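Next up: the structures, one after another.
There are two complexes below, and they share chain A, which is joined by chain B in the first and by chain C in the second.
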Partner chain A sequence: MSFAAERLAAGAERRGRRPDALRLAAFGFSAIAIAAFAGLIAVFAFEAWPFFRAQGLTGLFGVRWSFRSERFGALPMIYGSLAVSLVAVALAAPIGLGAAVFLSEVLPRRARIAAKVGVELLAGIPSVVYGLLGVLLLRDAVARLLRPFDPISGDTLATGGLLLAVMILPTVVSLGDDALAAVPRGQRQAARALGLGRAETILRAVVPAALPGLGSALLLGLGRALGETIAVFLVIGRQDNQWPERLLALEPLARAGQTVTSKLGGSETFLAYGDPTHWGALLALGLLLLAVVAALSFAGSWVSLRKVPRA
Partner chain B sequence: MLRARLGLLLIATLAARSAASAQPLRIVGSTTVNPVVVEAAEILRAEKKATIFVDTQGGSSGGIAALGEGRAEIGMISREVEPDDATKFPKVRFQATRIGIDALALVVSRDVWEGGVHVLSRQQVQGIYEGTVTNWKAVGGPDRRIVFFNKEPGRGTWEAFAKWLYGDPKKAPDVSHPEVGANEEGRNKVASTPGSISQLSAAWADQKTVFAVAIRRLDGKVVAPTLATIADGSYPIARPLQVVTDGPPKGLAKEMVDLLLSQRGQALVEKHGYLKTPTGGTSKK
Partner chain C sequence: MRRWLGLGFLVASGLCALAVLAVLSIALAEIIGRGMPALDLAFFTRPSAGAGYEGGVLFEIAGTLILIGTALAASLPLAIGLALAATIYLPRPSLRRTALSALYSANAVPSVLIGIGGFVVFVHGFGWGKSWLGGGLLLGLMILPAEAVALIERIEALPRRYLDAAYGLGLSRGQVARSVVLRQSLGGLFSGALLGLARAAGETAPILFAAAVFSGAGIPRGLKESPVLALPYHIFVLAQDSFSPAGERHLWGAALVLLVLVASLSLIALPARLRAHEESRHG
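Now for the complex of A and B:
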């Protein structure tokens, strides 16, 4: 019996039967959570089934959404979701990770905690408030900024991306700071002892060691951006069928668009109810969104748990 | 709709528990009238322990049919009772009670209004909607691109609009415009976007931030959406919100109709973005 196992057994004996009850309760509650998730997926799959039966999986991957002619191509919405989320992460990554480094490595402990409380407070602001701020502050500014691209209004994919960047910033900063703070003090001291300066210590020792955590901060930020509904809904313009001629061009960002979430947040669900195919198509969109966000969450956890190759 | 479904579940359990409350009140019809009636039904359920089913199967015509075939005590319709209805169900004395009016204004942004666009014909609106007219110059306005904010399909306003243009919302062509939802949103977007136009409940067209254009009717008459023109029916895109009964409403149906006409009911009508009925009153057909 290994030392660790002996200690575990001894601990269990000392605490008597209580750990079993505790473990049972923990197991029970976890099972409830997992069952709820499985049930959710089952309900979605069941309700989406009429659509898949009628049009198959390929029905979802067209470029035209027009429910009156029973066309449910979701690619423009998937493009919209990816575009706003990637813009958000591209903007939030340098600012958020930079702020995380500053918080964790530069600020004195007390100031760090104060700043962190502030940042986490930002994360708790309801998204509809961000959305209204976006309407109030961003729309006109973006319309002016993008004037060379001649947008019809300030409701564009870029506006959505910009707003999402602000919204995921707290997530990125807070998780990034956690990742940096988790780097053992010994590594910093070793780096300093080897004669590295402060900046070098941060860049060469701390950040590389925290890389998986920083990556997971970005992935979870991306997940939040993809799933965000109401704030995007308010500034995206909600224009269907905006499939760009060139996928990687920046110009379509200056146009109004639609994301998967803004479609699902709209009143089309009211219209679809009672029409199994249409309703099923919307539920299929929900399923798709669920899958993508879940995959990102898993990826985020996986990346942060991965071992860093030590140099 | 999900809420309606949950509501139904709730009613089902309530009904199962107290089958005592005699005859349930069944209400079927227009999705436009539905939200007002659903909330009124909630009040009646809470205050009178009444059993009420509200369903929107088949829309206005579904409401007429359900009433005609005795499957409902109240029909909800967002139109007038038409002669056709009476010929289909000769035994039923359709009595419509107007609970509100849904009027639709076409509102433009300030720059368009001040650029001289005060009147649009149906043909012009159709051209703008379908994208064949893309510059305000073509309809007597400034040289500026037209931005159409389309009311989301499924909104009563959009249905009335499509009905006015195409006779039947199902016949409306596929177009992709940026979409707006609630009246506040539509108004704000038009107010803040130069060169824009949208459909909006007339009650929200304040003539300060957004400007309702008058409609040039087919007979050449120019009619602006005012309370008076909406009420007398000369404004072309208005329609009554009504509940219909077979003869004068009785029992629980009467309580529902009375509630809808009361101050509380009329507040619900307003809450959902419709005009209160200026006259109220009933009409027999």
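Now for the complex of A and C:
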């Protein structure tokens, strides 16, 4: 340490404020972390720019993707992403929230922790392993199940949705349980004292108080489903331009399709690099996905981080 | 009637919980049951051979360990910085909620986007080509928010009186951060690190474009153009082929090895992490 630095440190000491190296390091490292994520967004915006300049945002909202003729309509992929994710949430919501009620309201504390270990274990299974289970087991089962719709193979949007339902189940159970457990004990006691039964207490007092948290569990599950790549990639069939005639019909779910993520994870991403418009279109799609997922999870966690007033 | 409806509701919730348990058991039973026959000593000590379906997974395991080690080394200092900044140096509650929400959003960034970002920056921008370092840094970015959240929850679960006593003794914020908060939450640091390692080990999408190859790589000796093999990528590629029964056995074996790696990393620290999670919310 130089003499000047020593004098400085001594002076700061006298005033009771030493230069705090840890504070500097904490903010410095935080700045690096924030810059890395900001950089990621910047990279996508920068690389997508040539596409927006050439075709504008509306260039993405067509129903035909054919990079040889410079058409980058991404609606079929957006439809695919929404379809598999909504199937997943529709299946995982009742089962997951039901299980969360059981964990939080029925199980004793010890058993609840044990159950949470199981849920975490389910959450820890890597998505490529889920994908493998989907390829080797689920695909055939779905093909048999969907026989009335005459699917070409087991690679369908429904298969992707089913697999995603299993994958987001831990998120829904765990966050749902958090939301229910955060409801103050006093509210349960008050409800019981008013003569409500155990189930009525849960339905009329606990669940309404936990509603924002339960909603946020579903939002975060939906965000996870929209962003999942590898498992969906393996079971969806990756069929471009599958735009259904009727958007809300169920039959298209029995066909192969493409999601935004399965497109981005595929070999076209390697091929497109070097062609500014084509590459830009893919990155624009990524930017769209990033915006939607980030908004969903910010909203979801903002709600669930609300401080519950203690009773 | 009321009583029966209530009972029905509770039974229904129990059935839901049973369904989750069933899904977990089926998944685990299938992977373990089909993977076990492939596991012998040679599976761990020999490199893969043939079209990837034969031999062992020695270099896939080595590559995965290199990647997750790099990811941990890159992410842990940043996670500690974020956690200290969010808990000690940013004491305003409104900022805390924003900071945590931002961390949750960062945690939800689809991993394929991180992979593509790395493809732009590391592979082409820096000219690294496929490299273990690029993959490790991307995985580090991927697990950073979860590590920071685990650490923040641990710090917030510290008894308030520790901090009160420390400040009461006239310690400065830096001294409190160093000798009380960091010292007392070493367990959280440890469990956050293990959680990060477990997540990094299983991820495929971030290394898809920037780090992993399917064959022809061993232990990397340089930085540029030095890709690695990796267990998840190995499974990902093989799962897209049509296979022979022997190949299928190899594939399930690799999946079981990956699962055991991930599960053992995350299970060691799980009880402590769950407790901290509960206490930080309802302390």
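Everything below uses one rule, namely that the second predicted complex is superposed on the first by the 267 of 311 C-alpha atoms of A that agree within 3 Å, B and C clash if a C-alpha of one lies under 4 Å from a C-alpha of the other, contacts with A are read in each partner's own complex, and residues count from 1 in each chain.
Here is the rule we go by: a contact is a pair of C-beta atoms (placed from the backbone, for glycine too) under 8 Å apart; a residue touches a chain by one contact, two chains touch by 3 or more.
Only a predicted model underlies this, so the values are computations on that prediction, with no experimental measurement involved.
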Between chain B (first) and chain C (second), which does A:Ser297 come into contact with in this model arrangement: first, second, both, or neither?
second
Have a look at where A:Ile152 lands relative to chain B and chain C in the superposition and call it first, second, both or neither.
first
Chain B versus chain C as contact partner of A:Val232, first or second or both or neither
neither
Check the contacts made with chain A and report whether chain B or chain C touches more of its residues.
C
Quick one: classify A:Thr269 as touching chain B (first), chain C (second), both or neither.
both
Partner chain in contact with A:Leu60 - chain B first, chain C second, else both or neither:
neither
By the touch definition at the top of the document, which applies to A:Ala191: first (chain B), second (chain C), both, or neither?
neither
Touching A:Val142, do we find chain B (first), chain C (second), both, or neither?
neither
Quick one: is A:Arg68 in contact with chain B, with chain C, with both, or with neither? Answer first, second, both or neither.
first
Please work out whether A:Met167 is in contact with chain B alone, chain C alone, both, or neither, and reply first, second, both or neither.
neither
Common interface residues of chain A - those touching chain B in one complex and chain C in the other:
135, 234, 269-270, 273
Quick check on the complex: what are the chain C residues that touch chain A?
2-3, 5-10, 12-17, 19-21, 23-24, 27-28, 30-31, 77-82, 84-85, 88-89, 93, 97, 100-102, 104-117, 119-121, 124, 141, 144, 148, 172-174, 177-178, 198-199, 201-205, 208-209, 232, 235-236, 239-240, 248, 251-252, 255, 258-259, 262-263, 266-267, 270-271, 274, 278, 281-282
Residue ranges of chain A touching chain B (in the complex, touch as defined)
66-69, 135, 139-140, 152-155, 234, 237-242, 256, 266-271, 273-274
For the complex, which residues does chain A have touching chain C?
16-18, 20-23, 25-30, 32-33, 36-37, 39-40, 43-44, 47, 94-99, 101-103, 105-106, 113, 115-122, 124-133, 135-137, 166, 169, 173, 178, 181-182, 197-200, 202-203, 220, 223-224, 226-230, 234, 261, 264-265, 269-270, 273, 282-283, 286, 289-290, 293-294, 296-298, 300-302, 305, 307
Residue positions on chain B within touch of chain A in the complex are 1-2, 31, 57, 145, 147, 152-155, 170, 172, 174, 176-181, 185, 188-189, 192-193, 196
